[in-house]
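Going by the order they are written in, the chains are A, B, C, D, E and F; count residues from 1 in each one.
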Amino acid sequence: MKKKILVINPVATSEWNESDAEYLRKAASSDTLVELVNIERGPTTIESFYDENFAIPAILEVVKENKNSFDGIMINCFADPGINGAKEICNIPVTGPGESSMLMATLLGNKFSVVSVKKNVVPMFEIKARAIGLTKKLASIEYINISVSELERDRTKTVNEVVKSIEKAVKEKCAEVIILGCTGMLSLYTEVVRRVNVPVIEPAATALKTLEMLIDLRLNHSKIGLYTYPVFDKIKGY
Amino acid sequence: MKKKILVINPVATSEWNESDAEYLRKAASSDTLVELVNIERGPTTIESFYDENFAIPAILEVVKENKNSFDGIMINCFADPGINGAKEICNIPVTGPGESSMLMATLLGNKFSVVSVKKNVVPMFEIKARAIGLTKKLASIEYINISVSELERDRTKTVNEVVKSIEKAVKEKCAEVIILGCTGMLSLYTEVVRRVNVPVIEPAATALKTLEMLIDLRLNHSKIGLYTYPVFDKIKGY
Amino acid sequence: MKKKILVINPVATSEWNESDAEYLRKAASSDTLVELVNIERGPTTIESFYDENFAIPAILEVVKENKNSFDGIMINCFADPGINGAKEICNIPVTGPGESSMLMATLLGNKFSVVSVKKNVVPMFEIKARAIGLTKKLASIEYINISVSELERDRTKTVNEVVKSIEKAVKEKCAEVIILGCTGMLSLYTEVVRRVNVPVIEPAATALKTLEMLIDLRLNHSKIGLYTYPVFDKIKGY
Amino acid sequence: MKKKILVINPVATSEWNESDAEYLRKAASSDTLVELVNIERGPTTIESFYDENFAIPAILEVVKENKNSFDGIMINCFADPGINGAKEICNIPVTGPGESSMLMATLLGNKFSVVSVKKNVVPMFEIKARAIGLTKKLASIEYINISVSELERDRTKTVNEVVKSIEKAVKEKCAEVIILGCTGMLSLYTEVVRRVNVPVIEPAATALKTLEMLIDLRLNHSKIGLYTYPVFDKIKGY
Amino acid sequence: MKKKILVINPVATSEWNESDAEYLRKAASSDTLVELVNIERGPTTIESFYDENFAIPAILEVVKENKNSFDGIMINCFADPGINGAKEICNIPVTGPGESSMLMATLLGNKFSVVSVKKNVVPMFEIKARAIGLTKKLASIEYINISVSELERDRTKTVNEVVKSIEKAVKEKCAEVIILGCTGMLSLYTEVVRRVNVPVIEPAATALKTLEMLIDLRLNHSKIGLYTYPVFDKIKGY
Amino acid sequence: MKKKILVINPVATSEWNESDAEYLRKAASSDTLVELVNIERGPTTIESFYDENFAIPAILEVVKENKNSFDGIMINCFADPGINGAKEICNIPVTGPGESSMLMATLLGNKFSVVSVKKNVVPMFEIKARAIGLTKKLASIEYINISVSELERDRTKTVNEVVKSIEKAVKEKCAEVIILGCTGMLSLYTEVVRRVNVPVIEPAATALKTLEMLIDLRLNHSKIGLYTYPVFDKIKGY
């Protein structure tokens, strides 16, 4: 089944457009067309509630403009910014790396850990797992203390820190499965996988494949409860 | 202790400014100065994730501008829009009616119900209670099927529907305490209280008094974890 | 990516082999080869722990024989019989309709209900959801009181009972998403979907697509914890 | 609004009456009148179920005698001894330091720890948090291994031990907020606050301010469920 | 193994001594010696926190006096009044009907309901189940609206109400097992059992048999945590 | 009351029959007759899902053949293999060491740890505790890294490892009560008990005494829900 998918990079920079599009097209099925856009207004990386909050209006505007031209939409950031609002305004499936990868992880072992960037995202993602209802399966959130924009500066160091966090999660927190908790880590994925003996989930590809699956199964989110259509004409000044 | 409090009505209308300010000044301590502003850009009422998402950037801008001139900030909407982002950027206490009233309700009985406006807020507030960690104390979320802008149209009908929902929650869901799950219901509070024999919490006043308490106790939210300061200069286009 | 998948019908009858294989091949990607076998020894349908227990040894024997010739294995019964043992002995992904569909359902709405066959499976599937860690997302398990072997006897009646259960789950239990809790219901799927306005998940197709996704993402379950290889030569008499 | 508050020191000693009253009067609003009494019969400190059990009858007798002369009652011990019985016999609000401070802590960060006296209170307060429904927000209970009556013996040592416990909770248990889990620690509060960089809650003042808030909001606990009036004339020998 | 057991009727009346002793001796093993005493000071029945609170000091005094002369102690009331304090002061096992029967019920089916006396005990026993950690297994608490002292007034009516509550729990709450939530109902047990087709647990006999089991297994509660010995000489006026 | 109990050693070896029978007869009441059999087909020890799966059909066959000749059945392995299926086909009580000992442990302290054999059983027993609903009471699962068949090889080493694990659980995980998580450890029980100062539960004896209790109380599991009779004549090839 032919599928046309829009990937939204929820950052106000086109820096990662090309490499992300290339990566995701490789991950996609042969009958999937992947288009990728970034937002115009908002943060250059998403690492706080503050960043998310300023990214979301632009994300939703992209969703509104494109929801009739695509079969599904993926928001390309582990924090899944704007996913609830996007599901409200859409009647096509919307996925995000955070929720897709955490659900997939539960199939692969008793407990999973997320390895992410800075300390403040530890409670942030813990709350996210709790909201999905997955606290029993979460071993821990680990952080490498390197911010998104610094991930590529010293790749060897970054990979080392990720591997160290994985080893800690496995040894001390009984994690059996690891999620890279930042889509900015996707370029390090192959190296990390090579160095550890547990399954490691790259969440951007997982969100894309989950979206393909929903489209193939003709499944959309429910419009009778949490994701009821909002009233559109109440917004002033945007 | 003198306290200067900023109340933000997170809606792009000044319609409720006067009545809300009057109501909250009556609720405030004698040594509290209450200032109330609405936002310029955003929705006219908040009844969906979509509404919230378009209200938050303007809320955070108000917070940023005023955080050095006040002792505390209250966001005047049961959904507590932007409260996490606001806490990130502030080092003065920030409260919202949703979390303040749900916590207070746990002191007053075994289980509480929230009575709110439309059906879609039922799962929305359920998720909110779960995020706070209060699922064991939540009896139910009830809705009266009247939207925020219609609450005042036929006051008698609205009050009747609220009372009916309360009776249902008490009888069928074992609720012992009720929260009015919309700050737009505050003008109906006295009538509702008169007609039922369970404690009813008006959340706007509760958020204000909770804020006064935090200021008096010189307590601020923690800045070492969930509410770490964000990096401010990454936002483009705002 | 070419994928060779083995589907095991965990029942000692070839009755559904042809129709199930046809259905699943339609659901599969164009580059997936689906092979389907039933077991030789065990129950003719699975509706109790007793049935499961007598199906599993034969399932595991099929898995052992075929694990080097396929890219993934799917066990085609909502109860996911033998899935833990199968994951222990395999280093290729194994999926089942129960866990795959319950996880997918969490993406589509706040809460889901499962509609299944007889009363005794209600607690059985509740325990299953709890083991996965999904109790917060489960609205209810409903049953139509028609056993697996009777599902096709009076199709109109069966569809009516399924629809009635869905309406009950939506109205009384706040379900937003429905899962057909028996892979024997797959022939009724199209009719059921037509008659309700909530997403309905057919779990066999979902397990197949989930398996394809895991293979495409080169993800296998973790072998360091719950699914460590067992010692193989301790079994006598099989 | 003028408020007349009775504070009950649930110990059979007047040792802390003067200093506690002074401390609480400072914390109180200008329109609050604080009266403080101790009990005549019972333990001299509360550090076990046994102590609590022998304190409660005398607490309830004080409550019964005074419930018509005050606007609210506070039981001044972190274990909140007798608070359920007191709420049953009262129709004025009753607060305790334990439940007030744990609820307040949830507003100030993702997770809180309680620092208390001896090892046996660790599970005791864990059960308390679970009964309130707050397990998701509790990072840990720490203890300094100094009993209540020894707290003031070597103040420097006590403060050092408290600070050490706080650092442990922050570093190893992800606590973002700290509660001093014994009202006997209130004299050390200022010194502790000065030495750590997380919010520290002094629970006695918090219970007092929470009580003022309930009185100001004219909120009382529900009398239709958990706190229904008991039958009074069934008690013999007291 | 010979066992000497003390049963404490935690009520200030000898009214049920003879019949309870007879009933429990019948339930006991042939090598068990059952002695039964009531308390001198306290309530005549236990139906509220208030009642419990005034019963406990006398219970603990009985425990202290007798702990060296018996092999185990049973507190004969479904609310298990004073059981924590009793375990603190004892190094012989102590059981109560509430916790013993709720644990036993989990062995007999997926979920259990408790049928008790008045409405206020519904949240009280819910909290009890939560404290033990058994919320997942609790279907509901039902009440017959007949107080303890009225249970025997019209036996036919009481039995009818209990049976009606059981049928409701089974039909509407998915209960598979029933506990009579008041030891005062033990004289009705045989009649109730005859009229329903689910297992019904009589908690007093269950607490006695659980105590015998602990004694036979030479198991006592742990003295290193929750039930550490208290300091005895701090109590004044008792 | 005379009781005739069948103990099933769910392993295809008679190696432990004599010593286990002797041990359990010593633990039994004087009026209990204990008969012990092993299974003919299946694993020689149970240490994985795979082992369990191949043991269960033979266990259920023993149960079916003997259910009319005994008053109760005990399955003598901590994993409780086949206990659900056995309860389905029986109308006499069936117990297992795992569930019996975990429930008993909750009476003896705030939290318990299980000390078992190899690493893979850690998540396996965690899931078991979660299925029973006891996660709040579980401190940890520890393992000694010695497989069942090696337990007796170097008794001193095994005991040392068990004691070390107990000390770790007590010190680092706040365990107050210990369960030996393998019935193969029963011969070491006396030595372990002597060396630690916390209650240690030997689960095989506990399952036997629990079974005696259920028989004495004439309690059987519910046949209306989870343990409804299965349809017997659907199994082919056994």
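Going forward, a residue touches a chain if its C-beta (ideal position, glycine included) is under 8 Å from a C-beta of that chain, and two chains touch if they have at least 3 such contacts.
Composition by chain, UniProt nomenclature: A, B, C, D, E, F = Hydantoin racemase.
Since the structure is predicted, the reported quantities are computational estimates derived from the model, not experimental observations.
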Neighbouring chains common to subunit A and subunit E, by label: B, C, D, F
Chain labels contacting subunit A and also subunit D: B, F
Chain pair showing more contacts of the two, A-C and D-F: A-C
Degree value of the rotation bringing subunit B onto subunit C, based on Cα positions, nearest 5: 120
Repeat of interface D-E, chosen from B-C, C-F or A-D - more than half of residue-number contact pairs shared: C-F
Of all other chains, the one whose Cα centre sits farthest from subunit D: C
Centroid distance [mean C-alpha coordinates] between subunit B and subunit A, Å: 30
Whole-Å gap separating subunit C and subunit E, where each centre is the average of the chain's CA atoms: 44
Subunit D, residues touching no fewer than two other chains: 109-111, 122-123, 127, 130, 133, 135-136, 174, 176, 225-227
Pairwise chain contacts, counting only pairs that touch as defined: A-B, A-C, A-D, A-F, B-C, B-D, B-E, C-E, C-F, D-E, D-F, E-F
Contacting residues of subunit A [partner subunit C, same complex]: 27, 29-31, 95, 99-100, 103-104, 106-111, 132-137, 170, 174, 176-177, 197-199, 201-202, 205-206, 209-210, 212-214, 216-217, 219-227
Subunit E partner contacts - residues on subunit D that touch it in the complex: 12, 40-45, 47-54, 56-58, 60, 82, 84-85, 88-89, 118-120, 122-124, 127, 130-131, 133, 147, 225-228, 230-232, 234-238
Complex interface listing, subunit C residues touching subunit E: 122-123, 126-127, 130, 135
Of all residues in subunit E, those that touch subunit C in their complex: 109-111, 136, 174, 176
